[in-house]
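Both complexes below contain chain A, partnered by chain B and then by chain C.
Here is the complex of A and B:
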């Protein structure tokens, strides 16, 4: 699976979104699409499992998880180091 | 038991803790953060509680009292388990047979671990006084929402020798259920009222953005969100010689966190938002003693006449 596919799979499994993951654009506001704070925590943990890293403290904030593109940036940042 | 430890302790709160225990305001139970209270202490706490009620200005409200235990079902539904598993007070009992009982007694006598012989019940200790209220409010609210006041005991498993951090303590909450705007207004109005009450008792307060102690690394994200959205404020007062800012009241905007699971709706049929302002009855009592001393008769006359008009 590509990085984008993995992110979408994680969102489908844990995001509890009100709309189908396939309909999400890269910049769709996930919180606006029904993801709760608690769901975002589960998304965060699932991303860590899927990509085998731990987000740094400074990345544990809402904006990291607000859209597919922000998640992709976060994942890129974590897998670079 | 811990006499020597106490004497050696040099924490910011050590002198205050010693004064409370020596003067008999609090009585140690052997478990950190759990105390007996003297009648003088209770007289102050009761007076603070009366002020918390009077601050509502006699508005017509739902007024409810619950025991310090709460159904597990409420606890499960309201998300506390997701956020604060380590603070939970789960109530257990024994459901085994005679042999199991004998084993339990044997382990108790030899001070061995008993966890596997105890079974959960359908109860937990109440972690926040407003929590038992929400399931009783299911259904449609009147136009303009509803105001409620609840008081009682809370339990949070966070043992500490700092007298301000008790495991079992009282809150007096003013709760609003209704529209999102109404919830914010309630929060703002009560932060002002609360600050006036506390200032009138000689307790200077500052309003600060705060967060709840959400569990673990994911909890840091929840805490960051809570701070960013300014959902929780505390009224802090300086205590001890160093003037450590200590929360003695707080307010929380819950958004639809309680409205959704308990199917509380506005008159228009939307999911209700809720907010609460809580007077920390024990913390206010302690802050008064930190500031004015443990001899209540020696407190400044204006403070005494506020508490006992």
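Here is the complex of A and C:
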């Protein structure tokens, strides 16, 4: 699976979104799409498992998880080292 | 506020920042204290106290100077709430809840309608209430059933609120609702509702063990208003950056007031005992020393939490960080637990004199009010939030 596919799979499994993941654009506001802050924690944990890294404290803010593109940026930042 | 028969209460004095805490303490001693017994006994709104605060411009203490308010710091208001909490916890709770709403408006409302309203709040000392809980959400204020209906000339909303504290005495209410009929439950906005576009139908009574003066009955709320009355930022953001931390800080401040007064009373009791037999340490003196150290922890905990919020208040990334959220939730749980611990210790010190309802050392109201602290937003719910957030906590 590509990085994007993995992110979408994680969102489908744990995002508890009100709309199907396939309909999400890269910049759709995930919180606007119904993701609660509780769900965002599960998304974070599942991303860490899928990509085998740990987000640093500074990355754990709402803006990291607000869209597929911001998650992709976050994953890239955490895995590039 | 406009609850007086003559109409709007005129501001007699505009208390400047720097004097806010002292003036709140003066109102606490002169007005709130003497009225506390009847407010509690009759479970009535503390009108005289809120009017006295309004007369000194203290309802707009947190409104920035550019809108005519005092522009006071949270630290000042927190200190004033400790003083008010010592004399009448119900009055302090009403004022605390009002200030939470003011802070949300100041920090998250930027439309012309809301800016004009802030100026009006200053001029007429308007009192704000809050309607966040709703029938059908299982107590989760992060989701709404009701939805904003947007029409050509404004919005319409209907909400079944199990609790709106002092709604009948408030001049306006901030209401959470879904952004639109198509929005998921968690996509919420905060909207300012006020007469003449506001109708309230009371449901049930408020006959509780403590905080009886907050008159927190249920209401069926119907409101219409201009679209400019919707706060600019999403409710989730308002909640995390302002409403939640602010609520826990001001509530903890007034709970500290309850605890402080109980310890003052215990100290007077021990000193009275000591006067009867100079040279002999009264049996409860050691326990007084012990509870005084707990009160010091409590005081320092509230002060440092206030300082942390003030340090972070303009930095949304830090306000929404896991560490800060967990810290503010922990403050609520700790403060609401400590207030009961302290009052109970003081009852052991004063003995039957504190158990009697007709003694100058009675701690009945303190205990009843203190017990409410862990129930209003139940500590179990808050700990469950923290348990979830701690899965995402990293060492800094």
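Rule of thumb we're sticking to: the second predicted complex is superposed on the first by the 81 of 81 C-alpha atoms of A that agree within 3 Å, B and C clash if a C-alpha of one lies under 4 Å from a C-alpha of the other, contacts with A are read in each partner's own complex, and residues count from 1 in each chain.
Throughout what follows, contacts are C-beta pairs under 8 Å (C-beta built on N, C-alpha and C of every residue); 3 or more make two chains touch, one makes a residue touch a chain.
What you see is a predicted model; the values in this text were computed from it and never measured.
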Exercise for review: In the overlay, answer first, second, both or neither for which of chain B and chain C A:33 touches.
Suggested key: second
Review point. Now for A:62: first (chain B), second (chain C), both, or neither, which partner does it touch?
Key: both
Review point. Of the two partner chains, chain B (first) and chain C (second), which one does A:18 touch, if any: first, second, both, or neither?
Key: second
Check your understanding: Which of the two, chain B or chain C, is in touch with more residues of chain A?
Key -> C
Practice item. Examine A:45 and indicate which partner it touches, taking first as chain B and second as chain C; both and neither are also allowed. Key: both
Check your understanding: Which chain A residues come up in both lists, the one for chain B and the one for chain C?
Key -> 37-38, 41, 44-45, 54-55, 57, 60-62
Review point. Quick one: in the complex, what on chain A touches chain B?
Key: 37-38, 40-41, 44-45, 54-55, 57, 60-62, 65
Point to revise | Residues of chain B touching chain A in the complex | key: 79, 82-83, 217-222, 224-225, 228
Check your understanding: Inside the complex, what are the residues of chain A that reach chain C?
Key -> 17-18, 31-38, 41, 44-45, 54-57, 60-63
Point to revise | Sites on chain C touched by chain A in the complex | key: 142-143, 183-187, 234, 236-237, 240, 317, 320-323, 388-389, 391-396
